[in-house]
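Please find one structure pasted underneath; my questions will follow.
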Amino acid sequence: MLKDKLQKFFKIDRRWIFLLLAAMLFIPIMKPLGLPNKTISRDVQHSFDFLEKVPAGSFVLFSLDYDPSTRPELHPQAMAMIRHAFKNNLRVGVVTYIAGSTGLIAEIFEKVPKEYNKVYGKDYVVFPYMANPVAVMTQMASDMYGIYNKDEAGADARLLPVMQGIKNYKDMALVVEITGTAMLDYWVAYVGDKYHIPVIGGVTGISQPGYGPYLQRGQLKGLLGGMKGAAEYESLVKVPGKGTSGIDSLNLGHLLVLILISVSNIILLLIKYL
Amino acid sequence: MDFLTHFWTWFCGFFIITPAWMTAGAWLAAGLTIFLFSFLYKDNPFFKTAEHLYLGAGMGWLLQVSFYSVLVPKVWEPLMNHEWLVLVPSLLGLSLLTQFIPKISWISRYGFTFLMGYGAGLAIPVGLSTDFISQISGTVQPLSMMASMTPWMIFNALLVAFGVICVLFYFFFSVEHKGHMQKVSNIGIYFLMIYFGAAFGNTVMARFSLLYGRFDDLYAFSSAKYLYATQFILIGMVVYFAVHAFLTRGKKEPEAAR
Amino acid sequence: MYDSMIKNQFGFVLFSVLFAAINVSAANPSQAVKKQTPAGAIPPIENLTFADMPYDVGGTALLKWNVRPTDTSDVVYQIYVSSLETGGWIKADEFPADTRTGKDIELPFWAWNASVKEHVVKVELPNYFGEAQTTGSVFNFKVVTIKDKKSFDSGIVSGKTASNWFRLDRLNNLILLIMIIIVFFWAVSHAKRKGLFIRRIAGLDAIDEALGRATEMGKPVYYVPGIGGMSGISTIASTFILGEVSKKVAQYDTQIKVPHYDPIVMTVCKEVVKQSFLEAGRPDSYRDDINQFISQDQFSYAASVDGMISREKPAAIFFMGYFMAESLLLAEVGATSGAIQIAGTDQESQLPFFFTACDYTLIGEELYAAGAYLSKEPMLMSALKVQDFGKLVVMVSVFFGIILVAVGARFHWDTFVQVILNLFGAY
Amino acid sequence: MKLIKKYIPLAIVFTFGVLTLASYYIPHKISVDYTELISQWENIVYAFAFLLGLVSLFYSHYNKIARKADGWGYSLFVYIGFFAMVIPAFMSSGKQSTDAGITLLGWAFRYLYNALSSTMFAVLAFYIVSTAYRSFRIKSKQAFVLFVAAFILILGKVPLGQIIWDSVLGWTKCGVSDVIEWIMSVPAVSGKRGIMIGISIGAIVTSFKIIFGIEKQYLGKD
């Protein structure tokens, strides 16, 4: 009887669902589908436009504060934005306030600068990890060398060509914060608003909706949310990377969930009215 | 003594991380990842091994963290500098360990009460400020822009306030939820449902990205550089399950996980 | 200068005067500056005064002077500070002249006179000098006005900052606290009264059903107290519920297992369970391994408990306490192993998962109420009354706050709206 | 005896509770120093509390091995895992990387601990799907609301979902991200806020009970 069959389908072995999901997520890794990514969300477009307008040679400060647990979402964002900065010949400085992110930062700079023939010390600099972000952020408003007198390798930061003419926020064009923590709120509240330097953020998909008010009031110039933000930025910079292949698998995964819950409701309806 | 130092240096020499170590690491990580995932199919000895290994590793990691980031810099080093004040928290901490000796376990109360008192004293004003007063102001404040608000925004602001009041009604314990009370608290439940649904949906993406991250690692470990770690282990698991199913065929299988 | 602060438009915060008085005593004498007449079109800076930033730990100075009609956006102010008697000036700040008035200092009306007629600038001294010397020693300040590349110095003011004794800006918080304490003690001292009503909590009525089923099937009951420490409120609530559940378990003669994350919680739970078995008259069925320590690492705890659940297939599982991401890891495995699941947590981020994966869920505060509901202990019941009182306060404030703010904003009573918002401000 | 067993501990709770509470309203240097000192102490006490867990874990698994209980062999792996983290930690004095590259501890963290914990975290992706399949069934009006909210959020978070939304509901001129933002900032906020306020009051009341010694179950029996 049909009804019984449907009932049985209700109690489908969930391991089939697991297998489906695994396949949906794994296939795009091996062979990116390149599903259309026509929509570029407003906030990502704003971020891109803002960075695009920064004159070549300006200094952009990246604060990369994420550890391996949020890596899938945030690492592609950081890669895409740094690529964009190098592409436009901007000077890049990197700071971090999360101990776990130093390895990930090293990973970025093993790879990306070579693509654009950028040299450490001349085009970009990485500063060591610091605890106590708020104090450091405040100190950097007057003289950043008070804290960052040396770069990560221990060289005198003042002497690096990349740092010429840079003393505090006034000499920088932009702050980019990519994080899975509340650090973006700090940058906005303690630096962006206070010292009038534009801030662009990159956050996880979960925390993205919470930044609506900041964007509305212009306290954030732009925002990248989750893997989707990374994928959109990659498509704007025209360098597809992990964000693009990631969003492929997320597309399929989400579609699977939607189909599953729709099917289970259709079956429920059928059972009820048959 | 010299010999010992020599030996130690020689011993440590083995553990300089070389590419071979990286490959071994890839095998280890790929193996453990697949073992844990195999639980999704069903419980098996490989999962149990990984599970127990994880128990030990988790505690080992925490011990390392509390040793090198608390006990050494905050207890040992101050003591070496003759800062005797750190003896107070250390003794309080040690008092907790008397739990294992029933006769004097009351000593541990000194440590507990310190933790409880501090925790309670901290929780009260912060709770009042961030979860209580700020939430009221967050509800009321939007309407202070009344003059520049569109009707839609005003509606939203009022809806939030209405929702908050209804939800709080739902949590009211002193009155029975009957009649009008019932209606209001029912509306509160709808707001809770929207929150639950939205929060659930909002999380799906984050969890998928984590899984994607794991799969991405497994994919990296499947390259020739790591001697095809993922493929070998995966095939091994499949073979195990196949053989196991074949051997226990006919016997009454314990109810499989649905 | 503090007199003007007290000159509040609203008399109903009379007691703030009392606290303001305390601050007056802590404030330092400031020096007014004699008029100087710089050359050029710009009138001199009037009433430049130094003040200590009130209600702080020290180290922050306030400079105030009158807003002049010539303060437009093309005029720039620079603030200089020095620790020496002469010279040694350090530039501390620079801003357009049409910004930074008393209104920009974020303090509530009872603690601060937010005037737009005055420029007020905070100078944070530890940014320029050693932390130790910034409180208590004398500093000199001057304001430089720059217009069309010409600069005009003001006179010099000096003073020292102090460590204050009271956060007057947190007065609203304190009053609320005192109110709650009073209600709390009133409720507690009247706790003996019998027959306090408490509404039905659906999840708790299901406990009997769940335990009954476990008895019938001869399978164990799991009670998971979560990953909170003993000072967590949800964990405390959880131990109460554990007490009641294990009492019933002892009566039904079923088995119970409590896997633990925190060793301190475990020792407390051991006592609780032992006591419950005693009260149920079954001390003989108590075993020491009811409470088991698993791990203090979040996910290895989850992995291990998942393993246990899938192997033993308990008939009923309780998740009560503090949970993070492992909530769904545990609840979904429990659901697939066919157990009746009752969950409760005050982690609002995890509630959606318990709600969808479990049969019954105690939402937030219901978890706290559960102990009172089950035990009917007068002390706990009366605490519930305090909670209800708090909610009533919120409902009333939101209701009237909305109306007053909306009306005020509609008719542009700016000060009135500001006063209401200040009342609910967290500083 | 009752004094040192009962009253002094209760006095400790009261003292530290009230002092910590008061420090919130007192900005003075003394109060700032107090907070700093006590939070450091708390850190230290917690570090010792961890030993309590470690001993319990070792004890229970030692017992299993000694009694040769079911599956005692697995308990050996608890020790293996433990030493696999602790020995490298001592060899590299707690540092995950040096100038020369990652240390053995860094290696163990990356390939053992991190592999395990992030996998366990990732398993959630599977469970979230099967939970959704099982429980987003519209059996009542409330379940319908839950379903709709979740459906929109899941749909609108990915580009494919946005394309679907635009092609089906494009005529409404209302993008899915706007709808999501509205849900998250209006109705969902009231739900969350209501829960938070309720919880905060409950927490405050319980904290008072602890400070005033009314709630003392955690002390155990005399």
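When the chains are written out, they are named A, B, C and D in that same order, and each has its own residue count from 1.
Here is the rule we go by: a residue touches a chain if its C-beta (ideal position, glycine included) is under 8 Å from a C-beta of that chain, and two chains touch if they have at least 3 such contacts.
This structure is a prediction, so every number in the text was calculated from the model and none was measured.
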Problem set entry | Chain pair whose interface holds the most contacting C-beta pairs | B-D
Seminar exercise, completed: At the largest C-alpha centroid distance from subunit C we find chain A
Exercise. Could you state the distance in Å from the CA-based centre of subunit B to that of subunit C?
Worked result: 23
Exercise. What whole-number Å value describes the gap between the mean CA coordinates of subunit C and subunit D?
Worked result: 18
Problem set entry | Centroid spacing, where centroids are CA-atom means, of subunit A and subunit C in whole angstrom | 30
Seminar exercise, completed: Two or more other chains are touched by the subunit C residues 170, 173, 230-231, 233, 263-264, 267, 294-297, 299-300, 303, 336, 348, 351, 353, 356, 363-365, 387, 390-391, 394
Problem set entry | subunit D: positions in contact with at least two other chains | 24-25, 49-50, 52-53, 55, 57, 102, 114, 116-118, 120-121, 123-126, 128, 130, 132, 134, 136, 146-147, 150-151, 154, 157-158, 184-185, 192, 195-199, 201, 203-204, 206-208, 210, 218, 220
Seminar exercise, completed: So subunit B residues touching two or more other chains come to 36, 39-40, 48, 50-52, 54-55, 57-59, 61-62, 96, 99, 105, 112, 115-116, 118-120, 123-125, 128, 130, 132, 135-136, 139, 161, 164, 168, 171, 192, 195-197, 199-200, 202-205, 208, 210-211, 213, 257-258
Exercise. Mind pulling up the subunit C residues that touch subunit A in the complex?
Worked result: 124, 127-128, 336
Seminar exercise, completed: Note: in the complex, subunit A contacts subunit C through residues 14, 138-139, 141-142
Exercise. Which residues of subunit B touch subunit A in the complex?
Worked result: 40-41, 202-206, 208-213, 215-216, 219, 256-258
Problem set entry | Sites on subunit D touched by subunit A in the complex | 97, 102, 114, 118, 121, 125-126, 129-130, 132-134, 136-139, 147, 150-151, 154-155, 157-163, 166, 177, 180-181, 184-185
Problem set entry | Contacting residues of subunit B [partner subunit D, same complex] | 12, 15-17, 21, 25-26, 28-29, 32-33, 36-37, 39-40, 48-64, 66-72, 74-75, 86, 88-90, 92-94, 96-97, 99-100, 105-106, 109-128, 130-132, 135-136, 138-139, 156, 159-164, 166-168, 170-171, 188-205, 207-208, 210-211, 213-214, 217
